[in-house]
Structure formats: structure tokens, C-alpha cells
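So, here's a batch of structures to check.
Note that chain A is present in both complexes that follow, paired respectively with chain B and with chain C.
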Partner chain A sequence: MTQAVPQGKLYESQKLALWYFWVALALFGAQVLFGLLAAWQYLDPNFLYGKLNFVTNRMLHINAMIVWLLLGFMGGVYWFLPLELGREVVGIRLARFAFFTLIAAVGIVVLVYLLVQYGPGNAFTLWFITEGREYIEAPRWADFGIVAVMTVFLYNVVATALKAKRITGVVAVLMFDLVALAGLYTAGMHYTPNISMDQYFWWWVVHLWVEATWEVLVGSIMAMALMHLLGTPRRIVETWLYLEVALVFGTGILGLGHHYFWIGTPEYWLGLGGFFSALEPIPLVAMVVHAVYDAGVHRMQTVNQPALFWAIAQAFGNFIGAGVWGFMQTLPQINLYSHGTQLAPAHGHLAFFGAYVTAILTVIYMALHQVRRPELPRFDSKLWKWAFVLMVVSIFGMSAAMTVAGFTQTMVERAIGGSTWQAYIDAQQHPWFQNGMVWRFVFGVFFLVSYLVLLWDVATIGKGEAKVPKEVGAHD
Partner chain B sequence: MEIGWIETTIGALFATVILTLWLSRGSGWLEPRFWRNAAVVSSLIMTGILVYLTIDSLNQIREGSARVPAYTVINRTIGLKRDYEKRRDIPVIGEEVGFFGKIWSEEEAYALVNKGKMTLQSRNCMDCHTLLGNGAYFAPDLTRAWLDPKWETMVKGMTGKATKEEAMAEWLQHPNRYPTFVRRMPNLGLTEEEAKALVAFLKWMSAIDTNGFPDRFAGAQ
Partner chain C sequence: MTSEAVRDLMLYGMLMVSAAGFYAMFYALGRMLGRPAVVAFSYLFAALQALGALGMILPPYLDPFWKYLIAFSSMVYLFIPQGMWWVVTTFHEKEHAH
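Moving on to the complex of A and B:
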């Protein structure tokens, strides 16, 4: 039943994965660009005022992020799945169709966001222009498209596993996670005038979907990556994956409660949310310990240096961004004042980068090795180090700047000022806040530069290197 | 119904550990089987609790409940009062004063607040403002916007309107005409009807019991 692919050749599924990666990288650029525009508007509020307002830039910034990360994950799964199961992915034509449908839909949505921007306050706008609910602004028609594409994706994984008559632990986790991934997104697809209920289910998408199911999805992808990258035995990788799922779902599902402190929901969420979200960093610490151990065993050397470094960055980034920066503001006693300040995007930037961007870059570098020079014993370049260091430094710089701004808001606006309109303005004009916004922009520019370096490296690594040295005097 | 969070937490963790240990009899704690069981058990138990608490929460946040007021609250005065025992501010709903010069029936109030919510979503308010603390941070938090002193002290004078609701509706239709800060809200083309509905939504939202967030809004006594 298995269709082995000759050495140096790619499965169809892997060729498709490359398409996913290229579009993901392009959208990554769009995310950085619109983020930079929005950051500049903090410094010069008249820039593009009335034409391309902050509201639109910010929406494109966060939506581009969601779509490119999803594309990156799907690419990662399509890349590793045939290796994991030893056969071509079933329904590859369906997968291709889903890919092009998704790209077309994203294109239409972006054009509408840019050219139409908003509509009248009625159901038509919610169905065809924007749903106007941060992170899930996609109009309702596009929501159905996203669920349909996710369902095709789920079908392909399940059908391939059944055809291969082989369900590994990683694939089993992946299948259950994809059911939740397709299912939970529908929690955000309804309208209610009651904002408490609206926010209640909004968090099922924004917390349970993004923080729990994405975290497990990326765990499965990293598990497959580690087996290929470091040759870690399957038994160890799968035990760690189960442990991670047990801890992520065990703490994260009720950790949802830390979003239910102030939206009108009952008081018991203060205790439950505070307690379980305080446990949420534990699986992330466990991953750091494991990554350090693994890298140490291999003395920081593998055939694919950039992939190894991004994998280590993933473990640390996830722990620091999601774990430390999340925990900093998760207890209700602190959150009462820090909620709704720049501390949230400080945490968001570090966490999304640390947990997800790094993982996708790991997989992309592994794919590039296979595509460009599978025969090379060492896949390396000088440029990737620059991209790596600059990107990590600039994301930390941005987050640090927003953290300072966030503390200023917490103190000046929330704690002293009583959170009024005027208190908001006072905090925004405080020098600590304003310096924070300047530095956020400066590091944003660095990030754009590092993105371009990364892009250049991805385009060139492995090409034009010296061939594997032949024996002296050998004849062709 | 009162659910103690400590009992729920201890119960959930205890049940997860016991059930995992029982299902994994005969295998060591470093074996894949042990952690596979732990993953399945913890996911199922936590999901079960979430579903149970969701049913309870939804009952408590239905419009017209003690925590989330009925839409007709727009006809009444709304204020904040310090609850010194719980050490947090709670909304107080006072006498009937009308809204835009009339008393709105249940259906009318629903229609108005509903229109306000649709308007809020159609203009992506959450990508600049925060509502109940969630959203973007480019513009002020709107959780208690109706109770903000600035409408009375500044915007009423700017717009020359007699009541707070009229001043707010006028300001929302022409935010670019009445600058209040270096960052100006863009004109998002709100019609008069949409602006009125949005004010109704903001007034209704300010009466939700948010467990004391934001603390001491406008120095609530």
C-alpha cells in the first residue's frame, strides 16, 4: 500500500506544503507592514488619517497573522504527514483545491478590508464586509470557508492514516486536535446584542482555539520535526507530546477563566481562572528543559543549523512569551489594573512569535534542506544567523517597549486615574508611554529589516554553495 | 446556584489524578501509556467542567439577569457605588428618566441596543477601543463610557446640545469636527439613527456588573 518516494524526490503533499510556505511568508510580510503603519500612527496620528485609519491597519495586521500562521501549520502537516505515514496524502487534489480557494477568499477579504473598510450597522455588513470582532473580523461567508478548508484538512489527515493502516501517537493527537480546531472556530460565528455572551464565546475562539488547539497542533508538528532533525526516538517524542497535551488541556481549558474576570460573568471565574492560568506555564517550562537537554546531547550541532536554532527559540519563546509575560498579568488582583493596557500586546507579540512563528520557520528550513540539497551533510548559511539574531532582538525590543508603556498605563490610567477618558489621555501623554511607543516603532523597523534578511536567506540558502567536495583528482 | 471555585479546582485535579492512575495500572509514570491516559482524562474532565459552568454562566449573564440588566435600563439613571464589603464598584440603577426624551418599551429598547451592537461591529470599534477591557489600545476603554465625566464637562459644551445623549450622538457622527486629543477618531459615517443606537448600547453596557472593573471608575464613591 505504501508508495515510497525515491531518495531526493518529494511527495505531492510536500510540493503542496511548499506553496503553503511561500504564501505564508508573503502574508508574514503583510503582517509586518500593516503593523508598522499602525505603530507609526501612534507617533503621527495624522498619517493617512481618514484614508487608511489605524482601525484598518490594525485589523489587517492581526488577520494577516492568523491566516499566515494557519497556512504555515497546514504546510507543516502536509510536509511531515507522508514521512510519518510512509505514503502519499489521500485527496491531494482536494487539498490543492482547498488551498487555491483559501487564497482567493483571503484576497477578496483583504481587498474589501482595504477598499470598503466598513459598512452600515446591519447584518449585510457582518456577512459580507466585516464582523467587527477583534481577531475574528472575517465576514461570515469567509468563516464558512475557513471551516470548510479545515474540514478538508482534517479529512485528508484521517483518510491518509486509515489508508496507511498506521496511526502513530503523533497522528492520533493531530486528528483529535483538528476536530477541535474546526469545531471551536464555529463558536465565533453567531451574533448577539448581549456583549457579555458575545465575549463569552469570542474567547472560545481567541483562547481555546488559538491558545489550546494551536498549541497542541504546533506540538505535533514540532514532535515530527524533532524526530527528523535530531533523530529523537519516537517513544520519547510521543511521551512528551502526551505530557504536553495533558498539561495544556488540563490547565488551559479552565485557564480560559482568566478572560472571564471582567466581562459580566459570575465571580467564581476569578478563582478558577486565576488558579488554572497560573498552572499554564508548566508545560512550557517542561518543553524548555527538554529542548536544552536535546540540544546539549547533540552539542548544538545537526545537519540543519537554522532549523535547530529556530526549534530552540520555539521552546524558549513559548515559555517566555506565553508563560512569563502571560503569567505577569494573569492573576485577577493584578489584571484588574493591567487589563486593557499595552501589556496585552506585549504578551501577544512575544507569545505568537515565540510559540508559532519560530515553529513554522523551523519546518520551512527543514523543507528547504530537502528541496535544495538533500545530499548536503550540513545545511547552513551565514545569513540565517543575522536574520535569527535580529528578529529575536527586535521582537524582544518591541515587547519590552510595550511592557514599559503598559506599566505606565496600569499606573497612570488604571490605578491612579480611575480609567476615564481623561485618565487615558494622561497615560498616553506620559513620557514613559510615549518613549515606549517610539521604541516599539524603532524595533518594528528592525523587525522589518530582519524579515527581509530572512526572506533573502530563505530564497538563497543551499543554492550556489560549493558542491560536496570530490576526491582530489577524480574524473567526471 | 453558588459554585465554590476551590472545591471545583480541587475536585477537578483530584479526579484527573485518580482516574489517570487507575486507568494506567501496571505502567510506570515514564511510559507513553501513562501520559496518553493523562492527556485523555484531563481533556475530558476539564471539558466537562467547562460545559457545566458554561450553562450556569449563560444563565447568569442573560439580559435581564442580576449581572446583565434588561435593555430597558436605558430609560433609567445609572451610577456606580462602592461595595465596601466586597471592595469593588457595583452599578446602581436608579429612577426612570427617559432616553432621548422618551420612555422606550421593551421591544423598542431591544431594537435600539441591537442596532447599536450592529453599528459597533460594522465600524470595527474594537480595533481601536477596548470594550470590557478587550480590543485594541489606540483609543479609550468604553466599558463605562456612558458614565464618563467628559461628556458633561467638555462634549456638551462643544456640541451645544442640552442632554448627554444628544451630545454623544452628535459627537459620534462628527468626531473629526470635535477633537479631544491629538489622536482624533475618524468620521465613520454614522447616521443619526446609528449614533443614537450606539449611545443606547454604551449606556446599557455601563450597567453590566463587571466584578469591579475598571476599579474606582471616575473615583466612584
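Moving on to the complex of A and C:
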């Protein structure tokens, strides 16, 4: 039995989604701010030394990113799920409880990071301060919290589908993906003093959790978004989604091997990881064709221009960030020299922005349209264009600057200098590296400005006087 | 491996994949707009993509396994735009026919 809400009203699940979006946007700001502080500390290492150290800023920068993207995805699912299944989400109270629990936990973890920062390398520190493991620094109690919240999320999706007696292709993919999302994170809790084994499972979280389960999750959300934004038929959207899942399994999972090249794992990972990683850009190139087709068919017109532009940016951003910047350093012969240089964050910044940030912004603009002015024939503003262009230019600027710096490290420190301590210092003092760091900061400031413009637009778009209806050429 | 080899492999790798992307973009754009000149322009990037692959294959930097792998990728990139265009338009035509 369906529970359709009256025209102009929202499901409770959609109201909850809006909370997710606002907190996500706030944490996006925190990510940018702490990233900028860390970027400045590259130029002036004494800045805030002893008060807010580089490692803390970097940790907050990365962890804020992981949490806000996760919140954005969850908000996206809570927004589209009732539309997809035609009924309210089951366990909405539980969902609200999970939301507030997650927010409280994030708040406590951030305060501990800021005020306590680190502790002795014992079990107490690991459980209550930080695990001290790059990218997954969250203390163990927070790890369990994340798994618990994801399990509640999974329950809500499965129970809603069962109650609605309707499991669409998108929802089926989503359910299987959420099992992996909750399960794979536990790999990060496997601690062993053997550094190779520790790194082996650590990459399961950093690569398989973030790059595989997130890719499928964002694929499911974009599938639902495209059906509502462009009226793309379900059959096409679901076929592409199945194809994407196949490609993630086909190249993405064993592509994990490119992180196993130099951590003491068996030699066969060189061949396995290199082979599947080299093939990873192929489906991304194919997606470029489809993005051009979709944009062309709709002549870049739809009722929601900002959502359309962010959706198109998602297809191209994924290709450039993950495909081009990934391939540049994925062959083991190159990776031996480039791994851990500024080339890695150059790839990371472009790939995360291209694949995930753009997708969440697409959904947020779609939600805002529905909430603010569903009757408007064109949901538009002048500001979003500024935010879009500034943000895209500044992320490319930052990544280009880091690419130059990383290239210098690869050449000067590794290939020429042979990874000695002196070679490390030579690379750090090289003008190309230092200028790269300066330009990274400058574009970081531009990014902060673009974030503020985006935030202002999100807060104001669709408000004010009704606009004169215009002819639109796309399906709503 | 020498520093020159690392540099060459990185730059040719970047050229190969980015040119493949531009090839796909301009090819699809040309077909979408019905402009053969844009399609023809896209072949310039196809050539650049192949050039990037050759830059990695011809020098003696890599073992045969990796050379075959890059040659295979390069061949696939050459046909992705046409293949994908066919897939996309066929999908959508079938949908409109229903």
C-alpha cells in the first residue's frame, strides 16, 4: 500500500534528509577551513604550532570530508527513497535517533581532536582519542557508532522496501551496497602490530569502502536523481547502474591492488593491481560519451539548471579526477616513485570532488527546488553560476599546483635523489615545490570564497518573488 | 629506472588518458550536433591518445606484459566513442519506440 503525500508536502524522510544536507554543508565548510589552515602551515610551519598543529588540521580536513560526504549520501537516499517506493520510510524515529547520535558523536570526536589531539600509544588512546591511522583516525568507539548508524540505515531501506512490497533495480543495488558499506568499515578495526598486515586491511576501508561502496551508492543516488531531473527512463538508468556495478566489481575491486605495490605484500599484486588499475579509466571514458549525449539531448536545459550542471560536472569530474590523475601514477613502475607525494592529494582532491561533491550538490539543489518553489517552472539564480565556476576553477587550480609539487617530489626526491633524507629536503626546497604550495593555498582561498557563495545561494535560491514563467525544453 | 624514464612515463600516461577523454567528448559532441568537422577534430585526440601509448610502449622502460597492457588499452580507447555512441543511441531509441 502506498502512502503518497499531498502535492507540495514532504515525506518525513525528506524532512530528515534536509537536516542531513544542512549538517553536511556545515561540515563541508569545516573541511575547507581546516584544509586551508593546513595549506598555510606548509608555507609557515610555525603558524599555530603547539595549539593547532598541522597533523590535527589535516586530520580534521580529511575526517570532515568523509563524514560530510557520508551525511550527504544518507540525505540523498532519505530524500529519494519514499519517492522511489511510494511510501514513508519505515523506522523514521529510529532514523532521527541515528541522525542525532551521529551528530553528537561527530561533535565529541571533533572536540577531542581539537582539545586533546593525541595521547600515549595505548588502548585508551585507541578507543577514546584517535586510532592514529591515516584517514581513519576515528577512535574505536566512534567506529562502532558508524557501523551501528549504517546498520540502522540499511534496516530502514530494507524494511521500507519490504513494507512497500516493491524492490526496484535501484533499491536492490542500494540494499546490497549498504551491506558492504556497513561490513567493510569493520576492516578498519582490525589492528595488528604487523605493519604490512595492518596496511593490507586498512586499504580495505580507504579503497574498497570509499572507492567501491561509495561509487555504487552515489551511482544509485544519481540514478534516482536523473529520473527526476531529466525524466530519464527507469530502464536506461537501471541498465547503466547494473553496468556500473559490474565495472566496479570488474576493475575497481582488484584495482585495490595498486595500493599493495610497496607495502610488503606478495609480488603478484604488482601484476594484478597494475592490470585492473590500468583498465579503470576505460569505463570512465565511456561515461563521458553518455554525459555529452544527455546534456545534448536536453540542450543543457531543465527546470533545475544548477542541479543539471552539477550532474554533468559529476560525469566529467569522475573521469578527470579518477581516470586521468589516477592513471598517471597507477603503473607500479611510476608508483614506486610517486606514491605518497603531492600527486596523491592532487588525484584525491579531483576525484572526491568530481565523483562525490558534485553528486551531493546535485541532490541538494533538487531538494531545494521541491522545498522552496516546486511550482516554479525554472529553479535558477545568478549566484549558483559563480559558485559553480569558482569552485571548479579553484579545485583544478589546487590540483594543478599539487601536481607540480608532487612531480617535483617524484623527480627530485625519489627518482634523482633516491629517497634519502637530503633528497627529501632538496625536494621541499625546490622552487617548483614551494611555488606549488603557494598556489595551492591561493586556490584554497578561492575555494573558500566559492564555498561561501555556494552557501549563500543554497540559503537564498528560490526565495523571494515568484518569477515569470519561461518556456523550458525539458521534462520535469 | 632513470628519472627521465619516470618523467616520460608519467607525461605520456597523462597524455594518453586525457586525450582519450577529449576524443570521446568531441566525438560525441560532433555526432550530437551533426557536425562532421567536430567528429573529424576528435580524431586528432584519438591520434594523440595513440601517441601517448606509443610513448610508453616504444622506449625500453617497460616489460612486455605492461607494453601489451597499454597497447590493449589504447586499442580499446580508439573504439570506445563509436561503441558507446551506438549503445547510448540504441538504448534511447528503443525507449522512445515503446
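By our rule, the second predicted complex is superposed on the first by the 465 of 476 C-alpha atoms of A that agree within 3 Å, B and C clash if a C-alpha of one lies under 4 Å from a C-alpha of the other, contacts with A are read in each partner's own complex, and residues count from 1 in each chain.
In this section, contacts are C-beta pairs under 8 Å (C-beta built on N, C-alpha and C of every residue); 3 or more make two chains touch, one makes a residue touch a chain.
Just so it is clear, the model here is predicted, and its values are computed rather than measured.
Look at A:A286: by the touch rule set out above, it reaches chain C but stays clear of chain B. More residues of chain A lie in contact with B than with the other chain of the pair chain B and chain C.
Legend: residue contacts after superposition of the two complexes on their common chain; A:R235 is shown touching both chain B and chain C.
Contact with chain C, but none with chain B, is seen for A:I320 once the two complexes are overlaid on the shared chain.
In the superposition on chain A, contact is made by A:G271 with both chain B and chain C.
In the overlay built on the shared chain, the residue A:G296 is in contact with chain C alone; chain B does not reach it. Once the two complexes are overlaid on the shared chain, A:A104 sits clear of chain B and of chain C alike.
In the superposed model, A:L43 makes contact with neither chain B nor chain C. Of the two partner chains placed by superposition, only chain C is touched by A:I334; chain B is not. With both structures placed on the common chain, the touch criterion links A:M411 to chain C but leaves chain B unconnected.
The contact surfaces that chain B and chain C form on chain A in the two complexes overlap at residues 235, 239, 271, 275, 336-337, 414-415. Residues 38, 41-42, 45, 49-50, 53-56, 58-59, 118-123, 125-126, 129-134, 137, 169, 173, 191-200, 202, 235, 238-239, 242-243, 245-247, 249-250, 253-254, 256, 259-272, 275-276, 336-337, 339-342, 344-345, 409, 414-415, 418-422, 424-425, 428 of chain A are the ones that touch chain B when the two sit in their complex. Residues of chain C touching chain A in their complex: 1-3, 5-7, 9-10, 13-14, 16-18, 20-21, 24-25, 27-29, 32-33, 61-62, 65-66, 69-70, 73, 76-77, 80-81, 83-85, 88-89, 91-92, 95.
Interface residues of chain B, counted against chain A in their complex, comprise 3-6, 8-9, 12, 16, 30-32, 35-36, 38-39, 41-43, 46-47, 49-50, 53-54, 56-58, 60-63, 67-68, 71, 110, 113-128, 130-141, 143-145, 148-150, 176, 180-184, 186-189, 191, 194, 197, 201, 205, 208-220. Considering their complex, residues 233, 235-236, 239, 271, 274-275, 278-279, 281-282, 284-286, 288-290, 292-293, 296-297, 319-320, 323-324, 327-329, 331, 333-334, 336-338, 407, 410-411, 414-416 of chain A touch chain C.
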